[in-house]
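Labels for the chains are A, B, C and D, by order of writing; each one numbers its residues from 1.
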Amino acid sequence: MRAYIIRRFLTLIPILIGISLSIFLIMQLIPGDVVSGMLGIEANPELRANLEKKLGLDRPLHEQYLSWIGNAVKGDFGKSFRTDKEIFPEILSRFKITFQLTVMAAVISWIIAIPLGIISALKRNTIIDGIVRFIALLGVSVPNFAFATLSILFLSKVFKYYPPVGYAGLFADPAKNLKIMILPAIILGAIMSGSIMRMTRSSLLEVMRQDFIKTIRAKGASEKVVLFVHALKNALIPIITLIGMQIGSLLGGTVVTEQIFSIPGLGQMVLTGINQRDFPVVQGSILFIAFVYVVINIIVDILYTYIDPRITFKVGR
Amino acid sequence: MDWFKTLIKEIAKVIKGLLKDKVGRIGLIGVLIVIVLALGAPMIATHDVTEMFAKSKLKPPSGDFLFGTDDFGRDVFSRIIFGARVSLKVGIISVGISATSGFILGILAGYYEGKTDGIIMGIMDVLFAFPSILLALFIVSVLGPNLTNTMIAIGIVSTPVFTRTVRASVISVKSMEYITSAKSIGLSSIRIILKHVAPNILAPFTVQATLALSSAILTEASLSFLGLGIQPPNPSWGSMLSDSRKYMELAPWLAIAPSAFIIGTILSFNLLGDSLRDVLDPKFKL
Amino acid sequence: MKRRLILVLSVVLALSLFLSACGDSKQPQEEVNQPVDSEQEVSQETDKPQVPQVLKYGTDAEPGGLDPHTISAASSIRIFKQIYNTLIDVDDDMNYIPELAKSWEQPDDITYIFYLREGVKFHNGREMTADDVKYSFERVLDPDTAAIGVSYYDKIDTMEILDDYTIKFTLKEPFAPFMGNLTSLYGAIVPKEFVEEHENLMVEACGTGPFKLQEWVPDNRVVLVKNEDYFEEGQPKLDAIEYYVMTDESARLAALRTGNVHLIKLPAASLPLVEGNPDINVLPFQTNDYSYLGFNLTLDKFKDVKVRQAISYALDRQEIIDTVYDGEATISGFVTPAMGRWAIDYASKDLYKQNIEKAKQLLADAGYPNGFETTIAVGLFDDIRNIGEVIQKQLEAIGIKAEIQNLETGQYIDAWSNKGHEMMVGRNGAGTDPNRSVAFFFSTTGSANVWGYSNPRVDELCEMGMVTIDEKEREAVYNEAQELVLEDSPNLFMSSHMDYFFSRKEMKNFTPSTFNSEDFSKVVIE
Amino acid sequence: MDNILEVKNLNIDIVENKSTKSLVENVSFNVKRKGSLGIVGESGCGKSITAMSIMQLLSHPLKATKGKIIFNDGSKSIDMREANSNIMRKIRGKEISMIFQEPMTALDPLFTIEEQIAEVLKFHTDLKKVEMKKLVLEMLTKVGIPQPQRIMKNYPHQLSGGMLQRVVISMALILNPKLIIADEPTTALDVTIQAQILELINDLRSSYDTSIIMITHDLGVIAETCEDVIVFYAGQIVEEGNIMDIFHNTSHPYTKGLINAVRSLGDKETELFTIPGTVPVAGEFSKGCRFAERCGEAMAICREKEPELMEISPGHNTRCWLYNGGDTNV
């Protein structure tokens, strides 16, 4: 297994280099640059020259890129042009927040989606199945910012409730942290649950039609055993694939929810970075997101081998 | 010309199958309504989409303004109707882009494996690793913010999902006997792909297409929320919804109308996708 | 089978624990000196009313950095305005009032002598002296700092320290706006050793102001705590100010309603939402901003003044104000009404009254009988986007088909600075001195004159304005300059709007005004 | 009562969007204690779903609507068609167990052989883990699996078809049930393995004196394993009797056709004999005898009236007008 993990990490390197090169090129192509962003209307040629020298932007492009990559390999993602602060610690502390939100949202979506998916599979083509499928479709078709704004308004008008302001770390002040994170997590979780519900239902029905289910029943197994021991485990693979993809896409995708609930996550950092053309911030954070995304894929692949003995490490994606 | 006739016959059969299934019926009707709205927009709309009635700003739904007016005093009903045109166009063209490129790349990667598979999937990994909203943001800010660029951006963003779906089905279809038998009688690989592999991955492909249509509309809405979607004053459901957020309390009809239509359209596409999957692939009859 | 499941779970758990533990678990505290937990401890010490004297302010943008000399973003200025002081300040009637300098004299046109307050302490405890004043301006003028206010102070020839509390400035030539420029935070007084030791004022701060920086969690909040030994007696009454970044308007309003924050800013459109709400007071104040429609004068169609004037006649400025600001704004030029005597009366000018016939006539004379196609670039703020949409509609009446380009932040700023547009809607602050409002934007060498506009007479007037010390004469100079720019119409000016603070009823003694919109020195929380 | 199982006019219908069609009509038969009953017929004649209905394993939209399935377990006898699921659960795998046709897909791919066999013990006994392991090992050796110690740690995809069928058999016999229902156990296996499996089934049956219902379309398998035979055609029993009656004084034309097809196989001269036409689809049965269109000796009456199951010699019944007391004309 270790060889497999090392091989997967090796394939990570070309991807990361590919991403970092493409970000660098795109950042040059986009109109606007960090200096005019910082100076705003005060910009004049003299000020611009000073600032560009201070930020090292007067060096030729390839030199800028190579020096950045040189440090990045050593873990030093450089400093933000705007705030002059070290980027890597900033990414880590923000990643913890986005990761916590993602995990909470994922768990909430599993709690909602998997039982409902099972129920709608068992009670196939009944009204309950219809209702559950409708809820699932609703989850898939509601834009998250509409859902978020609606819930904020509803809670604050009707229940006079608004999550406490000012983010607190999970370990620093757990009570306040959970109060802040629970609402956005529920909203993200509800939206994620739509597709998981549909996937659970279809893959469970697929498994229930297999021959070995008949054998198990012929052995005298109760429906509970048939479902929870055998059917669910066999249905797990496509569900885990979907969850892996969802968690991956959430890492950058929570930017809308983070913005509405003003949670200092990674998505928002990238968005501000792009707006301010703060190249090291954008480069560092997207590379980190890509790295975590591939790590999650590796974990999902490893989970496969634990669930299904037929899948061995030589089988690729 | 016979393949054309078979195609028509095939489509007729699919539609008949859809109508039989309750879910399919609802989906089909929903989609048809949206198409009719989009095509017949000029006839249906009651006002000019950009006309500003300064004295009737933020008015609730009434006789002459069926869905009320927005903060510029423009008629929401007409904007919704024309919005159908935009959202449908965004959906269809962006899915067109991602479906075709995903189809070709997926088949190449799935069928040829080895180096081609490695390279194509490597690029797809790079695109996958980029969070979709941010990738779209990049493309739109490089090409400039207008509707066509939004469509291209959404198209590129959803290509990897298509490629992966197509590749997965090609690999599973490839291992089946009839492909090896086709190879054994010396068919050239292109013919095998077109004649045998392609038709058989149609079912998961069409399902993926309907899902991509709904996510395209959602992505357009999120892009508008981040201020990068369609250019004012032309309306799209996404931009109307994101603009309405400020007035959700003062003028809720501004948010209700677009969200209802967005949810309705996506619901119909997904229902259509579900029953299409059953019709196209009897094995899936659940 | 069970053994495997445990293994899988442990992998996932280990990963999440590792990640969340790798940074130190407590939020990084960048406090300057001993950490004060703003909530509990402070209230026991003083005999203040039981309620913790902490003002929670929901702001709309993340500060871009805290170095007063290099950052011009409003979201940053509102914070370091509480941390740093300038030599002198300006009241609402544009008169200079003492701050760090208790008095000053001006022996001749090019020398200014300032007598500093004694016993003023920096946040690191050291007493402020003339040395720090000299060091601060040297830092601004040093190219390595890349300071923004270089053009404000580059007329300084020498700075002589007469004694610990007296400093003499000698200018290269008479420079009337010098006093006005000294009120700007671009000339904030910073402690020498702190800057040298930390060499990065973006994230750390040490000034003489009423509040000290305690904590900054990016994209979330900035916490300032009371400077116990502030030189103004009995100020500030508050123990701490907590600025929360809440970009979403509905989230800000919800936080205010539920009492999670005491103060927020919202546009006029939200006024009806709080009508009749006993807990929320609305505090309007006139801003010093003006909205404009700029032309790219390098393009042929906009080189001709007749085209620009035609567009001016086509605009219905009152409809723009009604639609975009709910009527809560006044017609204004690039010297805003808030600048009182300096501003001419734009509303009464013929060019500012809608006259479609005249507009069409002018267009025909200029060779565009049935109009032309163009684009309007908008961005940054919602009101700018909305103005763009209204103008686009109004220009249709004279045959001009304008397409709106809603640019992303970086693109908008780039289009502005490199003429990447045809027409552009924007909003500027008129500043505290007419030289800033006129020369900075419309003299040929003004760094904000991105339109390619040049009028020798205006340049001459700007030069004169800088050297005329006598107020009455200066007024006449700038009036003529405004009339000329108005006539040339490189930009069409529209409105100067009102801004609105929404505050909880528990927040007392807070009256925002144009030039001092966030003075929390007398604020108390009940 | 020397019958372990008595099925009395069992009817199985398919209920699909409001229309019900009968697949199995008034089928009755008995299985003697320690006896062996062969059910033979072409695929799609209803033999498999009859077997599944015995164990109440029919899934939607199939349903056993009428009739009785009586299981005589020592003193008490239970009608398994009506029995509630708890009772059925105690019977399945303990009193009656099944062997399926496709060994490759009959086992759960995600569990080891040991886990799947031990599961039967877990359902019906409260043996300790160690005892279960010993029993499983014993059983695997009995069914002739080499190195059972290693094999039982493997997963189904690591074993051949023959091996997997042996595992299924060991699962079925481990609690020495009173009746085994074998639904085409050897169809999916190649011939050499087929013989070994049949021999294995017969040996184990005698050593555990279990009765068996052998369902197959292959008369060769019937000949080797069964004493009594019933012949299914289009959801009805067309002939039943002991092995000698069926093979030597075959009465029903359909059974004759089946036997001739097998016989012509071994004989080089005669051309391969086939029964023309195909099995009629449920719900489209003509009113007369269901085999009429394909029957070489069909008479007018055959297309008019459906013949009853008549006894033509003790224990040998047939459903054909040829033997209906001679009055062939109506």
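FYI, contacts are C-beta pairs under 8 Å (C-beta built on N, C-alpha and C of every residue); 3 or more make two chains touch, one makes a residue touch a chain.
Here the structure is a predicted model, which is why all the values come from computation and not from measurement.
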item	value
Most central chain, Cα average position	A
Chain whose mean Cα position lies farthest from subunit A	D
Centre-to-centre distance between subunit C and subunit B (centres being mean Cα positions), rounded to whole Å	44
Geometric centre distance via CA averages, subunit D-subunit C, whole Å	89
Distance between the centres, which are taken as Cα means, of subunit B and subunit A, whole angstrom	23
Computed distance of Cα centres, subunit C from subunit A, in Å	36
Multi-chain contact residues (two or more partners), subunit B	137, 141, 245, 248-249
In subunit C, residues with contacts to at least two other chains	248, 250, 253, 408, 410-411
Per-residue overlap in subunit D, given as positions that touch at least 2 other chains	111
In the complex with subunit A, residue positions of subunit B that touch it	121-123, 125-126, 128-134, 137-138, 141-142, 164, 214, 218, 221-222, 225-226, 238, 241-242, 245, 248-249, 255, 259, 262-263, 265-267, 270-271, 274, 284, 286
Subunit B partner contacts - residues on subunit C that touch it in the complex	248-250, 253, 269-270, 272-273, 319, 322-323, 382, 385-386, 388-390, 392-393, 403-408, 410-411
Touch list for subunit B against partner subunit C, complex	50-52, 54, 57, 71-73, 137, 140-141, 144-145, 227-228, 231-233, 245-250
Residues of subunit C touching subunit A in the complex	4, 7-8, 11-12, 15-16, 19-20, 22-23, 25-28, 56, 58, 62, 64-65, 70-73, 143-146, 148, 150-151, 200, 202-203, 217-221, 242, 244-248, 250-251, 253-255, 257-258, 260-261, 408-418, 420, 428, 447-448
Residue ranges of subunit A in contact with subunit D within the complex	210-212, 214-223, 225, 230, 233-234, 307-310
